[in-house]
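Paired with chain B in one complex and with chain C in the other, chain A is shared by the two complexes that follow.
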Partner chain A sequence: METMKLTIDNKIIEVPKGTTLFKAARELGIEIPTLCYMELHDLNIENKPAGCRICVVEVQGRRNLAPSCATNCENGMVVKTHSTRVLNARRTVMEFILSDHPKECLICPKSGSCDLQNMAIRLGIREIPGTEIAKMSTYRKDTSPSIIRDLDKCIMCRRCETMCNDVQTVGALSAINRGFMAVVSPAFEQNLEHSTCTYCGQCVAVCPTGALTEVDHTPDILRALADPTKTVIVQTAPAVRAALGEEFGMEPGTLVTGKMVAALRVLGFKYVFDTDFAADLTIMEEGSEFLDRLSRHLKGDESAKLPILTSCCPGWVNFFESYFPDLKDIPSTAKSPQQMFGAIAKTYFAEKIGIGRKDLVVVSIMPCLAKKYECQREEFSTDGNRDVDYSISTRELAAFIKQANIDLNNLESEEFDSPMGESTGAGVIFGNTGGVIEAAVRTAYELNTGKKLEKVDFMELRGLEGVREATIDFNGTPIRIGIAHGLGNARKLLNDVRAGKSKFHAIEIMACPGGCIGGGGQPLHHGNSDIIKARAAAIYREDKKKILRKSHENPFIIKLYKEFLGKPNSEKAHHLLHTHYFDKKKKFIVKQ
Partner chain B sequence: MEEIKMVKYRKQILVCSGAGCDSRHSEEILDNLKLELEALALENDIQVIKTGCFGLCGLGPVVKIMPDDIIYTKVTPEDAVEIISEHIVKGKKIERLVYKDPLTQKLVSASSEMASFKKQLRIVLRNCGIIDPESIGEAIARDAYLALGKVLKEMKPVDVIKLIQDSGLRGRGGAGFPTGLKWKLAFENKSDEKYVVCNADEGDPGAFMDRSVLEGDPHSVLEAMAICGYCIGSSRGLIYIRAEYPLAVARLITAIKQARDIGLLGNDIFGSGFNFDIEIKYGAGAFVCGEETALIHSMEGLRGEPTVKPPFPVESGFRGKPTNVNNVETFACISPIILKGASWFSSIGTEKSKGTKVFALAGKINNVGLIEVPMGTTLREVIFEIGGGIQYGKKFKAVQTGGPSGGCLTEKHLDTPIDFDNLVAAGSMMGSGGMIVMDEDDCMVSISKYYLDFTMDESCGKCSPCRIGNTRLHELLEHICKGNGTMADLDRLRNMSLVIKDTALCGLGQSSPNPVLSTLENFMDEYVAHVVDKKCPAGKCRDLMQYFIISDNCVGCTACARVCPVNAITGERKEPHLINPSICIKCGACIEKCKFDAIIIK
Partner chain C sequence: MSSIKIELREEDVKRIKEICASFRNDPQELINVLHRCQEHFGYLPAEVQEVVSEELTVPVAKIYGVITFYSFFTMTPKGKHPISICMGTACYVRGAEKVLDEFKRELGLQVGQTTKDGKFSLSSLRCVGACGLAPVVLVGDKTYGRVAPDDVKNILKEYEQ
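Right, the complex of A and B next:
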């Protein structure tokens, strides 16, 4: 391998050809500050527009300062990363950026976790010269069901664009305008709601400032909790328990299931339930649907289309409704666990505790921002009353817990309430990429073959490869399974399906890299895949701890069918637990 | 296919149809001349030719009669009859249309006698104003495609590249990168596909060198692109041109079609087995798209914004393939170099800047227009001899070279021989060749604000120093022009300018503070007058002006008071009047009305 030998801050270093000054300096323990640079390790994607110009360094012999993130090391280079010339330039550029940034840190949702704020501290900025005559670039604030765009706070780092276009291939965001008014926006400055946005929230997860944030529903929840006429119940998605601890200083991968349950009780939720219960229910419906389609398909019924696609992920649903509406009869019609939970809660459970659905408020804690949109979809409400009233993210829950002065670290663990808090290991692994299909295989195998599955762990379905495939032997019938996470990877599989080239019987897709554990509503992981891996491992640990690890063995699910639903895919189950999809391709430009 | 024939005429009337003359109805002049000749049955005797730009844009429309070598300026369509009846039929010169030398006030009719032409050496503009740009036959008669034939038949790519390297030709787009070296790098980067791109995204205000070449001699560019394609191993040429140049676009389209029709573009050119074709890509008129990486992104359908170099386009350009980008003027130099040799070209110019350079003269100069001079010609020669000096006999104050982001040079720089390095050393740059002359009435603080206004608007917004910094510079200059500045602001102005230059991503931001820095350097006293004395010495900054009535001169006619739109002037009839400065909006209406020179600005 060809190497380059150079001097950085009087230290000599030899690095492989193609290494940037930024990375070489980091090897030497020199952290060059930057605002726009972002590295997504496992995805092999870098955001380095070299736009913020904070990471500039002095390279001997060059006329201008060089952006260290986008300048490759060369033999004999002599580099100074913190010379007075660099420091002065960095400070002046930082003053420029701050001069066009609102000074409302007191009420900014990113305050405390804002890269710009931290940089101002790091560079010791105490005043911004010329503020009295400095005009600001201001834009219309855009509030969608999931995401708020407050572009006055955009610093043009373009990270959101990289996520939206390169990783997710959604193409909802790109730079518009020029000069001082340049900003990232959907085409023609449309609202996000009228764009192809899937609300996956990956843009929010990487935004260094408060320009992109989630719509915060905690004030609504607080009001409901304070209302004595309401019974407020909560469901928590599997991925939340594997990441919430990070917001409280715990190591990534710490499971806080019990503490989280306890905290939710302290917050005043009457019943603390688990979305995992609904995940088990999803497997019953989706698994049965799959087996039905498979058996008809194997018998030569051409109306039974395969592959079946999972439908748990609302970002993914939005994606195919926008980009692959011609394939909308292929995904499973099963609702997502969040919505199955809502539908059962507002019927079966409300009946059980003897209250009307309007007095029951269902809250979900999700690693996801698209869930906010999902619960607002018209088809998921009855007479204007939503099945799930509010959905908040892991980050919002953390803020809520802190707001209530609850010391999560020192809470005693508590158990979920019954019956909708009871789940199997299959429900838990829904949080990981590959988890939904693994849960489905565990159940489908037994229902299909009538044999007991001895080995429950399907290692071939796990991992962080963007696109994975595996063949599972169903008693002599090889079932070919495809898995994709990240919408860019999903697009690859979908293109094959559209072209009739797909060899799979079933495909699992999750919109976010890593699956729900890497969701847009999770604590910020800054592209560090070690954090994702730690969360994934935690989820599998939780699965392993469970005595019951197959959805169809969940006694409360069995009871639910017996008492209320009949059997999987029954008429009642269809009415409550299945949905249909829309063609969102034809969009109209809406005048502001 | 155009029929190429040679017919002998007694006289030829050349009518400029460059965009400047065209906008002043030269097309009508052309029609009227033809009608008049037909009426007199002289159409087979006298030929009327539509040509490209003569360079005398301030004097257009221009008509030249050959072989008499007489130039008529500011011709109107109505003058056509007289030109035919007097000049052509009677052989009498029409004095009233003859050019008057602004310095000597003498009539100069022969173009060879015009000072503005005497010092010029036309290599790039060799055919502009001479041939009909819509006739490939006329171009070929002036040796178009001869160099291409020679290259394809007799030379190997490496030999041509060597020749261009030896000639010392440097890119005319602004940065002055050695053209031969660029070709060599593009040649050496192996790829299944390569591209030759012609940068015709001329965006400097007041600059129209490239437009004139494309309008006046499009084949010179097409031929050079094919030569470049042969050298670097490319069969596809792209011309990136701004859509606001409709005439240049139309002539390019015609020229490409003509060249294809007779096999000078397309497959197996000159039977050599070499294939090359050219397509046109349109720009939407963003200044930053003149920067080659931004240009390439724009051609790819992406947002026109630059990316960090390296990788250079010769390594990874259009669609990720090696791409050689040259400016129009650079391409126009190629064929003469091949036909006349490297040493001929390198004998012209200075040590490190060879050949000639085209400049667009604009501003307070008598001969507004296009000129081409050998490198090394001094600013004084360009402005005072070729340019005919300053308008209305005013005093020269500064010249801004290099477009909106060049620097303002002063009296002390006038004897600097113009070349790439000298201009940079003097605090400006060659740029693409705009030259804007300012006189004593120009306020240099306002001038730098004006240029910032342009670059601020044209910044793509990608990097923070250019996106925000330029706006901050502009605001501070405005602050100073309003009389609110302090000496500390001048320090801040300099620091911001230096940091923007030092940190901006592309050439636009790296040079946008040049007008500020060069005026701070050369006209510090004017800045100080603005911030300390709260005065604008040139009387341009409205907020720093005050209107006064000299009571001795005022006869009390009340004309000023009646015309004042805000009733700021009071006084009894036949008594001296007074202006209330707190009401006065400095519109100047009173000064225009006063017949007694009683109102002054201080």
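Right, the complex of A and C next:
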């Protein structure tokens, strides 16, 4: 391999040809500041539009300063990353960016975790010349069911555009206009709500400023908690416990399940339940549906379509409704765990505690922004009363806990309430890419073969590769499984299905890179993919700790079927736990 | 960005598809495709962009991004009689701006807009190479030289019927 030898800040380094100055410097332990550059190595994600110009460095013999993120190393280069000229230029660039940025940090939702704010601190900016005379460009604010776009705060780093187009292949966002009028926007400057946006929230997860944030539903929850006529219960998704601690200074990958339960109790939730319970329920329904389709398919019934696609992820559901509506009878009809939980809570559980559904408020804590939209979908309401009333993200929960003066670090661990807090290890791993299908295999194998599964860890289904496949032996029948995380990877598998070339029996898809642990509502990773790996490992640790690790062994799920639902895919189960999909292929409406 | 809802006729869709096909439906050829489409339609309404998006498999947001980036592309149809006022140096110093203001006032338009009846559209350009006639106004293919604000009414009258 050809290498390049050069000097950066008086240190000599040799790197493979094609390495950028930015990466070479990083290898030497020199962190060149940047606002737009972003790399998530393990997930194959890179954004380098060379737009912010903060990362400029001085290359001896070159007239102008070079953007280090987009300049390749060459033999004999002598590079300075912090000469007076560089520092002055960097400061000036920063001042220009700030001159067209609102100075309302005190009340900005991103304050404290804002890359722009941190950069102003790092570069020691103390004044912004010209603020008295210069007029700032301005753009209308756009609020959708999940995401708020406040483009006055956009610095055109284009990270959101990279996520939306290159990683997710959703193509809802693009840079439009030029100069001061330039913003990132959906086609024809429509609102996000009328675009092809799936609300996966990956744009929010990488936005360095307050330009893209989630719609905050904590005030609604506070109001419900203060209402004496309401019983407020909460469910927490598996990925939340593996990330919440980060917001309280804990190491990434710290499990805070018990502390989180304790905090939710202090916040005033009457019952603290677990979405993992509903995940087990999902496996019962989705697994049965899969086995039914599989056995009919193997018998030659052509109406039994395979592969079956998982349907837990609302971003993914939005994606196929917009881009693959012709395949909408392929995904499982099983609702997501969030919605299964809501449906059971507002019927079975409400009845159990003797209150009407209108007096029961169901809150969900999710690593996800699409869940906000999902719980607002009309088909998930009865007489205008939602099955899940409010969904808030891991980040919103952290803020909520802080507002209530709760010191998460020093809380004693507590247990979930019964019955909807009881779950197996299969429910926990729903948070990782590959987890839903692994949980399904654990149950489907035993139900299908009648044999006990000795080895429950399916290592072949785990990992962070974008598209994975594995074959599981079901007592002589090879079951071919596909896994994709990130919607761009999902699109590849879907194109095969559409073309009739798919060889899989079942496919799991999660919209976010890494699965729910990398969700749009999680604590910000600031471009560090080690954080996502640590969360994934935490989820598998939690699974390993459980005595029961197969959904169908959950005694409370067994009881629920016995007392209430009958059996999986029964008429009642169908009514409460299954859904249908819509053709949402966008027909653009253009206003006069 | 204002736009008018139009319905594409079948032959229009066919024409766009032909243009895309002549560039092998290559997403890299987006700008060339848009040039040819604007040549054909006179402007690039949303519906045209949507067909191009389908054919080239480029998100329509990207196409809109390109169209709003380059000033040559427009989503507003030109009028039957497009009016261009030269704002090159020579015309400018001889009062082109006052002439432009008079057109704006008479037609109730801003630069880049088209009258509701589709008759006139207003644009400004840089130097048509007739500096001796400054300030210069073009209406369609016809050139008017040494135009004063007082002449504007009479020029418009020529196109009244």
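Here is the rule we use: the second predicted complex is superposed on the first by the 588 of 592 C-alpha atoms of A that agree within 3 Å, B and C clash if a C-alpha of one lies under 4 Å from a C-alpha of the other, contacts with A are read in each partner's own complex, and residues count from 1 in each chain.
Following the convention adopted for this analysis, a residue touches a chain if its C-beta (ideal position, glycine included) is under 8 Å from a C-beta of that chain, and two chains touch if they have at least 3 such contacts.
If you're wondering where the values come from, they're calculated on a predicted model, not measured in any experiment.
Contacts of A:A187 after superposition on the shared chain: chain C is touched, whereas chain B is not. Of the two partner chains, chain C is the only one that A:S195 touches; chain B does not reach it.
Shared-chain residue A:P33: touches no atom of chain B or chain C. By the document's definition of touching, neither partner reaches A:G519: not chain B, not chain C.
Of the two partner chains, chain C is the only one touched by A:A172; chain B is not. In the superposition on chain A, A:G482 makes contact with neither chain B nor chain C. The larger set of touched chain A residues comes from B, when the choice is between chain B and chain C. On chain A, the surface patch touched by chain B in one complex and by chain C in the other comprises residues 174-175, 177-178.
On chain C, the positions that touch chain A within their shared complex are 1-5, 45-47, 49-50, 58-65, 68-69.
Those residues of chain B that touch chain A in the complex are listed here as 286, 288, 303, 305, 307-308, 310, 456-465, 467-472, 475-476, 478-479, 492, 495-496, 499, 501-505, 510. Interface residues of chain A, counted against chain C in their complex, comprise 165, 170-178, 185-189, 195-196, 588-592. Note for the complex: chain A touches chain B at residues 49-54, 56, 64-65, 67, 70-72, 85, 88-89, 92-93, 96-97, 99-100, 129-130, 133-135, 155-156, 174-175, 177-183.
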